[in-house]
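All chains are identified by letter, namely A, B, C and D, in their written order; residue positions are counted from 1 within each chain.
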């Protein structure tokens, strides 16, 4: 039996579905999909998905682990909730997409250069620093997330917008040096740390 | 009507010098007229919005909102939590529903909160400001305070996503919610009937990471408003507001359009109609000046 | 209604659609005394609003004619129209039932000559045509209406139209003083055949039934085919009266969906397959039909109908729950957006007309039954000992096609007979 | 019929009749031409006073034939319903004034039309008598149920509950049928989440405890003769002993067998022991009695594939063209056997359309998904054994790729094949007077037309009618359960209850000599004049219900209780020796003869229209309601069925100077609409022979036309009449005017 054939045979085991059910946020719901496709048709970024949600669910059932987890697709979710609102089977698709993206990222399988992956991570990093988002720092880190030269270009292109925002007092350069934050950042840190710890304990050892 | 008090969750973008600070200004003015007292949740934190997932994952993300709820329960027991930001409202409300729906999750969340000395029961209603206006006041009541009807302005009610789905405003449909139109009418302005992009997505947070794809969506939203004869767009969501207002230059450059469509918050319309000044209505925070509103406010 | 004779050997049948008529007739033709009540002014129910049945493509009026003849010929059946059950109490073999009869304002003297209809002026949405056409304030519900007797719309009472109707009648058949009547009867068993109603398409917001003229329901589509229906039997679309040659059928519009009806309504796949033949009937090779579906449920022997439709080159099938409909403002064409899940293909398809295959909802909401019966999550009455001698027939019991509804009605007639025979002491 | 005929003719002036026609003239015609004994006009015949006037004449004047000259026979039936008299109707409203223009020019022809209808109605009363019913029928409250499966047991229990005695004949040694080999059944009550007990044991105990039900095990039927109310059935045991019992009606619940999966080598059935059918899987589960299911080589099952639509919904040679309806839910049920025992067992259902209809079906599907059963939209091409397990090769229709999965066990959803006995259209009949037992037959009927129920399609003995699922072609014998149509147990239970209902109704009606559906309650039945019969067999062959047998001399033997009173035999008889009391060669023939035929040069042709009373006649009525006009030259006579039209009526009409004859019947062919099965078709065939008659009279063939008319043909039916009028205008009047 060729490797290829062996792979095809192996993938139709249900293992990946079980992995998703165990480890992905709201992953239990994947099995409830009936392949109507209303989610795929409802997505505002639909045309940019290599594999729309309903197809991802089928791929999960078909055990296409690599293809799913390294996919660019779920990073296309804009969190518009159209899919959830319309899904006839009550699947929390937005959350499953977020869950898959997060899981893929944790496993290191998500595409490294995926811009939303980078942005989303920076957003998180930004907010946990002080407990509140620092829009300026987030913006700056965003501009430079593709490297220094790219960042300068992006920043230059966005400069008029930044200036406009500052003029409208909706962006302050002072934010870069301090800005808003929670007072009890120690408590918040402890909470997040604990939460992360609980979650880590739950993750099965599928990361191979 | 007597004073109404709510436990208030302003959210990051409403802070001073943040992207929706003008929203907050107008909300304050509006509340002043309606005799609403907003009690800010002490030491609230970011909800992580809908983009925090990549770094945050499930439980840490829920813990963020749970912490806010816990703080609110402590400080403002018996009050509903009110948010003005769609993402804040959604993240908090989702957290509440998940915690109530899933005992194990509630337990884990409290385990995490305990590390910060907190405990959550998720016993307060989580409401968007628009819900408060419609349900606790009603259009008739809101209309009573109008001093300067917004006559002669045609406004497209852009509801967007997260104030609309998955929860939405009671009695409204996901596909064609009419509350902004009704509000616009209440204030004396003219709504754009059948504004067909009223619930289309603006790209949300992906406006940053996928600007071209998002701006294509935003272009349709603005174009459709122009098609409907709108002179202005009104929205209940800071992300919608920023995305639709801020990228018009980029869109004009790319698509050779000549968009210059003011995008305001419902609270700004209300503040002006209630007789507040342009500054009180946060109109100085517009990137694209809402001239017609300024004119009315200036009268 | 003082002349109604009913005893605890009488069977009450509630609902005069095909299930109720069947249950009543099967029992009556077995020698049992039956009271058949119908809320509307004539019997026939939903099937009288259909153009053809699947899979035979025969006309429901044919069976209707036979059933009406059976009623006319059978003295064991007492038919009361415009009548509803107000209250029920008691137990198997001995129920006290209060009936409420709304005034028809037209007596048995009516010869259906039609003079009153011509005399009155006000027009109302025609119930028979699901509001697609108009009817007068004095009207015969439809061609096949039985009793063949006119009825006055209650809203014309007290208006000049009422007087006009009365004056036009040569047979003293109009009684404007008629009042609602209440009748108490005793019966031994009750057959509940209250049927179904089409799911309210306004609730299916992504499809814009409330916003787009050229999005209609499957039941309305049936009315377009009626030669005496709102379009004179032509497939014309509502917005501009243009011939609708390219028609989309959306399956599970309101069914199999937690947002609407959770259950599968069973009939809609076959109904749409049938309706594709209407397109062919009207436009031959110029007509085009597209069915958007999740699963085609052409169950049992009649799967061959599906195979035949599939073989028609002008009918296409797309496995997809349509995500949303937008209207192309220039042409008035509804544009369907979605993804064909067989191989992932995104579409934005314009059609002349969209037909929503709307689901089947029980007519009586579970909280509205006059006596406690076991109703399942989907709103249908279940067979349960606890129901005593109250038996569901037809679509009150499940989402059923006509054939199965009649089967169910026939079965319910036996269940009722078992009770009244027991009362009569026949069983020992 | 010794009583004197006394005809009352009552002419209504209401609904505009009085204004549009000269009713005094009509009264005169009734009296003078048609010889009515009492003739009365009334301004409003259907009101209480008018009805009383008629009733008084019946009570006091001895009127026993009533001709109501008013509206259509379909209207005002409540008012014009008089007991113990024969009633006819002259359709002056829908048939005359509503289809004619109210103009001075039309007045004369409208009047003529009305006069003819009055003549015809009065004449018809002369040739009909009140049917008395068959006095020799019996009341036999005893039901035979053939088959001891769920359908049969249900029918028996339900009929017994209504007070009837029942005998069940079961071929095998035990009750239970196919369901007895099942472990559990698809749920029949909310929440439709889990498989439930089959209920078979409960049914069996109920039968054992019921003294109204007797059971014949290891028995078959070796002969069925008689008719409803008096079936005589030979019940023969395996050992060969036979008893004969009498029954009032029969329910045939002979069930199904599973499609033979060995005809499908591509699925590995027969090659690997671990490829089983659904029935075999259920048997395995029953045997395991809750213990984990093992492969045939004794290993624990870790993965199962369910392949749907195996050999079904397929036009391949030898496959079943239909869907068996239950298999999707059955596979879900069976996958639950595994999942409920051990959620780690992989169960995948490979389907093309998942069919779980109705209130419970979708709940059950969701429950299956919740339990972790996976569903793959795919088409399986092959199952092969490979390395100790089975490889299922298929095309994944969603991911659009050819792929495969390895499993321990494959379950094939093969279809239901009806146990319908012999196909009477393919098996030669016994010679009259002889009877041989056919071992393949279920009922072994000694009917002239064959030993079993006629099959409708794909071997199922179903009704052809949507509105009337129990409209059987053998009166008093009702097929139920999967022999009638593929179905699951819940439907079979409902169906069997319905069949039991029809069977007891047949018993009650037979006892009173009443017809079964669709002419239910009709007491008339064919009277036959043996001395005139030429033993041509047309009536015995053409009877749609197999009601007529042949004796050894090949004379027809009528079985009244089997008869559905359609009159096909009457139409078939070349020597006109068959008639009904109220519907005969004369009752129609004399009507058409009394029509006034104007002189050829009057330019007033006459057209005879014979219209099926179920479809064409109502269509003409509704045309009238819509004021659709048609020719004043037509005279319409409703007939029970086009099959009852005797050629002599056509010949008589042509001979007496009619210029054209139009026959309007139901749709024929595969989707026939005729409730007497082939009436319309037979009429078409018979009329094709009318050409000879036309030729011998030197008449143009266009003068006779036959049409299929639907009840909705409100424009078309009048159009057909008008076309004939135009044709006559073109080809000229008939020369046969007297």
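Heads up, the rule we're going with is that a residue touches a chain if its C-beta (ideal position, glycine included) is under 8 Å from a C-beta of that chain, and two chains touch if they have at least 3 such contacts.
All values reported here derive from a predicted model rather than from experimental measurement.
Minimum number of contact steps separating chain A from chain C: 1. The chain with its CA mean position farthest from that of chain C is A. Of all chains present, the one whose mean CA position sits nearest the global mean of protein CA atoms is C.
A comparison of the A-D and B-C interfaces places the larger number of contacting C-beta pairs at A-D. A separation of 63 Å divides the Cα centre of chain A from that of chain D. A straight line joining the Cα centres of chain B and chain C is 45 Å long. A separation of 23 Å divides the Cα centre of chain C from that of chain D.
Residue positions 34-35, 54-55, 82, 85-86, 89 of chain A each touch two or more of the other chains. The set of chain B residues that touch two or more partner chains comprises 174.
Within chain C, the positions touching two or more other chains are listed as 206, 256, 319, 324, 341, 344.
Chain pairs recorded as touching, per the definition above, are A-B, A-C, A-D, B-C, C-D. By the touch criterion stated above, chain A contacts chain D in their complex at residues 8-9, 11-14, 17, 31-32, 34-35, 54-55, 58-59, 61-62, 89. Against chain C, the residues of chain B that register as touching in their complex are 173-176, 194, 196.
The touching residues of chain A, when paired with chain C in their complex, are 34-38, 40-42, 46-47, 51-52, 54-55, 82, 85-90. In the complex of the two chains, the chain D residues touching chain C come out as 14-16, 44, 46-47, 71, 74-79, 158-159, 161-163, 189-192, 313, 315, 321-325, 353-363, 377, 397-400, 457-458, 460, 462, 464-470, 485-487, 491, 494-495, 497-498, 500-502, 504-505, 508-509, 517-518, 520-521, 614-615, 618, 622, 625-626, 666-667, 671, 673, 675, 710-712, 714-715. Looking at the complex, you find that chain A touches chain B at residues 25, 44-45, 48, 76, 78-82, 84-86, 94, 98-99, 101-102, 105-106, 115-121, 123-125, 127-128, 131-133, 135, 139, 142, 160-161, 164-165, 168-172, 174-175, 180, 182-184, 186-188, 190-196, 198-199.
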